[in-house]
Amino acid sequence: MEATMDILIYGLVNSTALALIALGFALVYGISRIPNFAHGALYVITGFFVWSLLRGAGLNYFVSIVLGMVITGIIGALMYQFILIRVRGMAISEIIASYAIGLAILEGLRWWGFKGMSNTLPVFWEGTIMIGDVPIDMQRILVVVIGVAVVAFLWVFTHFTRIGLALRGMAQDERAALMLGIDSDLMALVAMAFGAMLAGLAAVLLLPLGNIVVEKGYNVLIQAIAVCIVGGLGSWMGAVLASFLIGFAQILTTVYLGAHYQMVVALLAIILTLILRPSGLFGRQKELEERV
Amino acid sequence: MNMEQRRKERLDRGIKVRTDSIYALMSVRELAYLTLPRFVLIVGMLVLPLAMPGMYWQRVVSIVCIYAILALSFDFLAHFVGLVSLGGAFFIGVGGYITAILNTSFGMPPLLSVPIAAVAGGLICTVLLLPCLPLRGVYFAIVTLMYPLAMGRIIEALDILGGTDGIMGLESFPNRWVEQYLVIVMVLVFLFGLRRLVNQDIGLVFRAVKDNDQAVKASGMSITFYKAIAVFIASGMGCLGGACLVHIYMWSGISLFALDFSILPIAATVIGGAGTLVGPVLGCFILVPISELLRAFGTLRIVFYSLILVGFIVVRSEGIMVYGQRKYHQFQRWVKV
Amino acid sequence: MSDEPILQVIEVTKTFGGILALNRVSFDVAEGEILGIIGPNGSGKTTVVNCITGFIRMSSGKVIFQGKDISGKPPHKIADRGLTRTFQIMRPYYSLAAYKNLVIPLFSPRAKRTGGWRGGGKLGDRDTVGIDILEEIGFERDSYVPYKLASTLPTGYLKRLELARCLALKPEVIICDEIFSGLSMSEIASMVPLIERLQMDGITLVMIEHRLRELFRVANRVMVLNFGEKIAEGSPDEVMASEKVKEAYFGSEDVEEVMNHA
């Protein structure tokens, strides 16, 4: 009984964590069809900025968080405006370019001295509460709450605001959106900035649970891609659903096999999806199975 | 009319005829014009180890050659088959670990375990990459990018195959000269072999898969099968390189899956000229020594390659050898009219 | 020549998301005939070809070729059995020369088995056979045209190259998707004898076309699709006289209906 509650609660936490990590990537891909392989780098660099602002400049924690996210959003926008816009449309070049940028950021951080150092961000909300017999710390609860809030916000935003609807329009059919007067480059820029900020938000919520290590950048990238492939590249609902599938699978393997298998689960999920149902759960690219 | 006039004429005017693949040679000089670059390349590479001042630089030459093999496999897959492999490190790692296991657990000598590792590694990599072959190229890029990242972490987490310590105590090649020349000869063999291959009938099928895979399907051929063959060739090459590397260092560990092996071949190809097959080799000769010099700066060298890569992609430069080949055929001389 | 139709399309249906692209389309193709498929834009003509040849998975229905069920088989297997097609949007292998384009179909298992078009038995040099095929469909042999890069050829030649690609496989059936589109009058004038010659060589042709006058010159029978449904089938004259077909192409002239909406 206790094990089940454990699994349920920590599965929920893990799943929302994955959803937060993956949504940024899914958003950018869904709207502008750019696979942003610098996603993991943006995650880590937000942690770096917040840490520097907090410990280095001595700013208030909340202010540091907001500033850190904003800076990352700006970096995302700059990345798009100066580099990715030139390779827009050539899928492979987009991947190589964004991956190279991500590498430059991550390895640059590593060289600067972030490697091995245990830099930590403090948890936002101290304390632990008990749900049933399971102890759970407040930070994790915060993750779930904010995760749900973000998904809800995204849903409302893309269904009821002008910019949100424009983004959805672009996601569905870029040419039609262009004909309706929606500036696709501007929308892609907004999407990148948003996606980068989401990566930052995930970092701010999840990094306090551990320390800021450059390796996490790569892990985040792998997990985000796994979730998006399983859910279907381009589908936000799919990403949310997939993060639950993978999240619970990871918790189950942790409980029964050991904590080291998380990466194996992610990789297996990708391979299985590509074999069985390449377009993912809700993938819009059914053409993978029925190519015209 | 007594005035002697001069005009400029291309060097290859007498040589080139109607098509690009037929040449008419009438003198030794014209023969030399065509074969000189290749001759210089082959002789240069064979002489290189003798010209190196000391063991350190001889080892650098070997490392250059291993990267060159990887870069050749990348260029072949990307430009002639349409599959962009973002994880050359995966091939290096698989090849390295297989030969390490064969050598330490089964006692096979390197000259035997290396070829076996190349073939077996090629098979394993092809099977692992099989799920993404029927799909669009993006998926191949994603999966090849992930495999080396994941493998390193899996080995570390599960602590198999020697874990973070790796497998130590490997034999090295019987002779320093064997070590040197094996890789150099391999590079030359692969370079000229691939050049030949892409103009053979099966090479044309690869290039057709890149240009228009729907038409290849409509011609009654399974593109998954042909892509698999191409991946087998490329991964076999990479595994061979990895196996040699491991016997040079006499150690096999997680660092085989390092990002260097994934990024440097791509940067070398982009700089040296994609699609020329000799360009990537040249690119390695430029980048690897620079990276050795930058070793003191730690992982900054990866930042360096990445920025170069981004720069070249954004500027869409054609690369050294593409420019060079074009210019070589445009040399002009003054000729009396 | 048996009495069994060489190709039977039975109740093929295809939905894309919410759109019903094909609605229980059925027709037979007799061996050796030329069947034309016509219909307004968006009626599903290319979709039916994609379903038959395996490029799209049908939602339901069956396709029987030479007595065997090929529904749901992958496209290369279907081409391997002799059911070939051309593409409406032609994409030759741009980086290769024209005659080299044919090396690929000549390399296929089917070409190796059947010896290719007029190859007969063991194929020799694929380059030579390629040039032979090109000559047969109208490339001038002694000119530089077969040796040019496919990216530099004009449309008329590219259409013939598409046909040549199918011919290299020694097909039983060729489904031509809008092969007359984009051609000038003189180019069509030289294509029509080629099509007739193919029929005389025993190949069955299914031609999707917009250019009705040229099509009716060669087609034995014609079928009309509209909004994914078959609305007429028969000889060209019968079909063009049908009310439904006229309505599909020109719209309804029912004045009362229009008045009732006013």
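Here the chain labels run A, B and C in written order, and each chain numbers its own residues starting at 1.
Just so it is clear, a contact is a pair of C-beta atoms (placed from the backbone, for glycine too) under 8 Å apart; a residue touches a chain by one contact, two chains touch by 3 or more.
Predicted, not measured: the structure shown is a model, and the values here were computed from it.
J.: Tell me which chain's centre, taken as the mean of its C-alpha atoms, is farthest from chain C.
T.: Here the answer is chain A, farthest from chain C.
J.: Can you figure out the chain closest to the middle, judged by Cα centres?
T.: B
J.: Roughly how far is chain A from chain C, going centre to centre by Cα mean, in whole Å?
T.: Computed from C-alpha means, the inter-chain centre distance equals 47 Å.
J.: Quick one: chain B and chain C, Cα centre-to-centre, how many Å?
T.: It comes to 42 Å between the two C-alpha centres.
J.: If you average the CA atoms of chain A and of chain B, how far apart do the two points sit, in angstrom?
T.: So the centroids are 34 Å from each other.
J.: What residues in chain A touch two or more of the other chains?
T.: Residues 291.
J.: Enumerate the residues of chain B that touch no fewer than two other chains.
T.: 214
J.: Touching at least two other chains at once: which residues of chain C meet that condition?
T.: 55
J.: Chain B touches which residues of chain A in the complex?
T.: 35, 37, 83, 86-87, 91-93, 95-97, 99-101, 103-104, 107-108, 110-111, 115, 218-219, 221-222, 225, 229, 260-261, 263-264, 266-267, 270-271, 274-275, 278, 288, 291
J.: Quick check on the complex: what are the chain C residues that touch chain B?
T.: Residues 53, 55, 74-76, 79-80, 84-85, 87, 91-97, 100-101, 103-105, 107-111, 126, 144, 147, 165, 168-169 of chain C touch chain B in their complex.
J.: Looking at the complex, which residues from chain B come into contact with chain C?
T.: Within the complex, chain B touches chain C at residues 18-19, 201-202, 204-205, 207-208, 210-212, 214-223.
J.: Residue numbers of chain B touching chain A in their complex, please.
T.: Touching chain A: residues 78, 84, 86, 131-132, 134-139, 141-143, 145-147, 149-150, 153-154, 157-158, 214, 259, 263, 266, 297-300, 302-303, 305-307, 309-310, 313-314, 316 of chain B.
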